[in-house]
Amino acid sequence: MSSIAVSTTINDDDVEFLCQPDETLLDVLRNRLGLMGAKEGCGTGDCGACSTIMDGRVVCSCLVLGAEAQGKTIETIEGLANGAELHPLQRKFIEHAALQCGICTPGFLMAAKALLEANPDPTETEIRFWLAGNLCRCTGYDKIVRAVQDAAAEMRGETA
Amino acid sequence: MSFDATYQNKSFNSVGTRPLRPDGVDKVTGRARYGADFNMPGQLVARVLRSPHAHARIKNIDTSRAEAVKGVKAIVTAADLPDLTDGDAGLFAILDNCMAREKAMYDGHAVAAVAAIDQKAAKAALNLIDVDYEVLPHVVDVDAATLPDAPVLNEKIFTQGVEPTPTMPSNVANRAEFGHGDVDAGFEQADLIVERSYKTEQTHQGYIEPHACVANCNPDGTAELWVCTQGHFVYRQNCADLLGLEASKLRVTSSEIGGGFGGKTHVWAEPVALALSRKANRPVKLVMSREEVFRASGPTSATSIDVKIGAKKDGTITAAEATLRYTSGPYAGMWAELGAMTSFACYDLESVKTVGLEVVVNRPKVAAYRAPSAPMAAFAVESAIDELAHKIGMDAVDFRIKNAASEGTKSSYGPVYGPIGIGPTLEAAKTHPHMSAPLGENQGRGMACGFWFNFGGQTCTDLNISADGTVTIAVGTVDVGGSRASLSLIAAEELGISYDDIKAVIADTSTLGYNDMTDGSRGTFSTSMATISAARNAIEVMRQRAALMWDIPLEDVYWEEGHAHAAGTKHGNRAPLSVKDIAAEAGNTGGPIAGHSELVADGAGVSFATHICDIEVDPETGSSRVVRYTVIQDAGKAVHPSYVEGQYQGGAAQGIGWALNEEYIYGEDGRLQNPGFLDYRIPVCSDLPMIDTQILEIPNPNHPYGVRGVGETSIVPPLAAIANAVSNAVGVRMAHIPLSPPRILAALNEANG
Amino acid sequence: MRYERPQTIEDATALLANADAKSFLLAGGTDLLVRMQNDDFEADLIVDIKSIAGMGNITETGGGFVIGAGVPCAALSENPALFVAWPGVVEAANLIGSTQIQGRCTMVGNLCNASPAADSVPALVAANARVRVAGPSGQREIAVLDVPTGPGKTSLKKGEIIEAILLPKRDGRAGDAYQRFIPRTEMDIAVVGVGVNLSLDDAGMVQSARVALGAVGPKVILSDKAAEAIIGTKLEESVLDALAAVCSDTSSPIDDKRGTVAFRKQVAGVLARRAAQTAYTRAGEK
Amino acid sequence: MMVDVTLWAGLRPLADNQKVVRVEARTIRELLRELEDRYPGLAEPIKGQVAVAVNGVIYRNDWSQELPEDAEVLLMRRLAGG
């Protein structure tokens, strides 16, 4: 197997890497680029812990080949905050205690970011179905949903 | 210094508030490092070869072809992990589970492992290891395993706890009996008796982070292990014992842990990684796949339980009896015994008898799962209690209140209770708005109670005060869900300083004394006790330093609200000295200021909860949906209420999954058919409603702040609460968990003729 | 193993035609990459077709809709015209997997993976959808119904690629719907799936109908009997009973980890009834 | 001080099939020593498997714990938790 050269954009940076043809984007991010915020919980697209945003759509990076990143725009958890300033979702997750162990958190945040970009004012049901591909075993989802609701309200400018 | 743990009934400044957790930013930015997020220079990749058979004798393992693969640096089998367990059956089970010795005991049992320079070489080598198996008959079902013609898993197992000792080997490893009174006489007095058999299927803790570690053995006998674990000191001891290492030369660092729930309380593959590293003389990283996690780690028991309860027409229970059969995987544990102990713990019973039968089967070795064994027992008992209440014509809550245990009750497992919370949680349920809310069409309401012991145990904490007056607490209990925040609150409270001036870290095994695991709901209970003790010791030092700074006798210095005060008027109007003031002079008054604590945190108060839930059932498909859920539980004292609520909600969600959809499904061949999150169906976000919580605070008399463990009890009532709700919705008693749609629809069809 | 990203359909078919047996097409990858996790998986060639012009497009033509093989299912509901015309097809495709999966998975992939439980397939079969197949010897069109031949098997020949799904033009009072059963609310594979497509005459009587059942046989079942049961009716209660009975009888499922024979047969009838009612309502609203 | 110690079922065969044993002890340590002296078969379980419940409070490890007058004392198996 010979490596493939890939040019892509990750968190607004131009990035070039070599990867094997069967290597997943998740493995590239974690093992080649040092971006370990995306987690592997299953490797089969069932848990969402590896969620990243590719060309505006949230995807499981374990189900994308590294080679497919060619020419794409990729966003990972490492790029969510604006420097030292946390994204409202990040702040609200901490404020609402929406994480316990935290392993699913990066995936939830990326999926929630994509949600609020597509739908700034989602109902509880819309939030729950959009996030159904992100498994959390600690929280029972209650505080996660509340954190997303609160972040959405703040981003709409409705903060109390 | 001896530590007085007696409850003080003080008012709090920090405890009970909801500050931001100290590790929050790390975790929302992807910077927190979990088991798989660590690498070492020159590290190899490990893969484990697993048995495809449920039960097979390993006649020979030939690794020669695999060793010839370029890039392969070490291969280990059981021969590389000699038995050093010296007759310790529990340790031997862990060893044999890490690497099968004579027989593979379940589908997924490790038989060999490879370390290679990359995944590709490791995978190639794995496919070239030749294992010669003699496939043996297997049994996976709990009831089938107890039949006379069942294949015997282990010729050395003769049922313990029966007289006389049996002469034939059996899959029933032991029998444990609990109770008091005369149940036969009790049933004689009963006006009504409910008797029924129940079954529950095997579930997995389902933590999102697979087991992962990096092991490094050096030729000089020192070794390091980076690992996701609920107890790095316990992992150190396990690994040292199994590999013949000196404990102090093995430094174990706990990574952030991506969920454990009991599944990371003993070693699985870590000794294998160390053995590979020792053989290859290189660091080795071993990360399980999700499939491996399901096939070879964690699960809880599958059970079969018979319950009989009798009561008088006025609602007084006269006798209660249960026989509980729990699978333990291939090795005997104490899972049935725990079920037998917990089953009737909520009630004040004149006559009670429970018998636990531990059944070995060709399934993975059972590990603890959040209040281990209690949820299944509670499912059976609370279902029967509900049925009996209906029969008598009493409200289900009133019936429980009438029979609830209280202070002074002799528990069904032996001891007499101190102050406990079962009565108050029931009273709270009775008046909760949820109880009186109207139900919609096809909806049913259920409620149930649950009990768990809670543990204490060995604990060691260091509290160091920096020159700027800020404080580091180094603790040895892994933070599984926010305990760093709780412990910082405790230290702030005791020292009388701001939460923001405290930083809690989890120390590794070489920098702190031994700590038991974060299990048994002990993390915050035990370590808060040690933290209070360490803070009191530090205060004692600060009093001495203040006396020195003021040149007054020590006995004239007292500590209040974060300051040293000079007593009385004889020392003039000296302004109190703050921690910062005293710390700033530490270099001149005797050096660094610290408080240490080593103690056995005993007296963990038992814990009770009552849950209420509403379920809507689709009568045409058997599909069910939780529409409302309420958790009421005693926390003793909620140190950080947000994370207490989180424990309540998380446990309830796990219980809901267990009740409705989660189960291990085995084929005729004894192989697991659903080793993935696609078909092992844990609840997803859209499956659940908001989960309401009500925290009761009945102080634990054996903790200075009244704290009880809160982590586990919340998983105990849901199975029964949901089964009761579904039974009420469909009008048929549901006695087999999970209540998957095919089971509900079949019950509906039967009821409708 | 090679990864290729051809720019034309001719290059893609040539690559496949000349490749060894172990070659795979990559569109959304949501099935292929899962299979690649398996230690037994081996491949010599993966052909990523998403760079081929037109693969990512949804085109409305005089004859209906052409949906490229690389269109992720999430994009279907973002096309208002398609959603108005074929709500049942779109809702079926949108039921596949999570939000993350939706961003990648394609209907053609769902079809070619040839799982008996594929969600979009019963809806496409009910819609009488066809596919355009490109191959070494040129293009051909076949019915979606004729693509899968059994679990994991299709009628495609070596070197052939499905370029697009062709949905017929929609006019008059017509509607479609898809219903599936899963144990959870999301993230599961269909235990039973039913697609119904029907048109009404001016009196509100069902004029034509197609009923397709998924996950109750080795491949999707198009039930003429079920269609006959509702044609010429207004879906009266007795008609729905008959429809349900036919669908239960027509189902020939297996017992597996996802459901039992008895459960699947019974629920096939329930879902057929519900899907038919939804399709009928939708048709009536036009 | 004399204390009545209740043994769990599994221990009874190791103690002449007695359910309750009366021993002279002021602390948990003295109690365990006395039991071991009288019934050597109990030494093995006492080493690692035993917890002592005193008036309903479970002590896993603490030898120094004093036994109150008329204490209700039970030997229990050490438990596993999640």
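All chains are identified by letter, namely A, B, C and D, in their written order; residue positions are counted from 1 within each chain.
In this text, a residue touches a chain if its C-beta (ideal position, glycine included) is under 8 Å from a C-beta of that chain, and two chains touch if they have at least 3 such contacts.
Chain-to-protein mapping (UniProt): A = 2Fe-2S iron-sulfur cluster binding domain-containing protein; B = Molybdopterin-dependent oxidoreductase; C = Xanthine dehydrogenase family protein subunit M.
These numbers were taken from a predicted model, which means no experiment stands behind them.
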Practice problem: Go through B-C and A-C and name the pair with more C-beta contacts between its chains. | Solution: A-C
Quiz item: Quick one: chain B and chain C, Cα centre-to-centre, how many Å?
Solution: 44
Exercise. Could you grab the centroid distance between chain A and chain B? Build each centroid from C-alpha atoms only and quote it in angstrom.
Key: 29
Exercise. Could you put a whole-Å number on the gap between the CA centroids of chain A and chain D?
Key: 54
Practice problem: Scan chain B for residues touching two or more other chains and write them down. | Solution: 205, 260-261, 289, 677-678, 683-687
Exercise. Enumerate the residues of chain C that touch no fewer than two other chains.
Key: 37, 185-187
Exercise. Among the residues of chain A, pick out those that touch two or more other chains and give their numbers.
Key: 1, 43-44, 46, 129, 131-134
Quiz item: Connecting every touching chain pair, does the picture come out as line, ring, star, complete or other?
Solution: other
Exercise. Can you identify all of the chain pairs that touch?
Key: A-B, A-C, B-C, B-D
Quiz item: For the complex, which residues does chain C have touching chain A?
Solution: 1-3, 5, 26, 29-30, 33-34, 36-37, 43, 46, 48, 50, 72, 74, 97-101, 103-104, 185-187
Practice problem: Would you pull the chain D residues touching chain B in the complex into a rising list? | Solution: 6, 8-10, 13, 17, 53, 55-62, 65, 72, 74, 76-77, 79-82
Quiz item: Contact residues on chain B for chain C in the complex?
Solution: 123, 126-127, 289, 620-623, 625, 660-661, 665, 673-674, 677-679, 681, 683-687, 740-742, 745-746, 749
Quiz prompt | Touching residues on chain B, where the partner in the complex is chain A | solution = 18, 20-21, 23-25, 27-34, 36-37, 120, 205-210, 256-261, 287, 289-290, 480-482, 642-643, 645-646, 649-650, 652-654, 676-678, 682-688, 690-691
Quiz prompt | In the complex, chain A residues that touch chain B | solution = 1, 30, 35-44, 46-47, 49, 76-78, 80-81, 86, 90, 93-97, 99-106, 109, 124-125, 127-129, 131-146
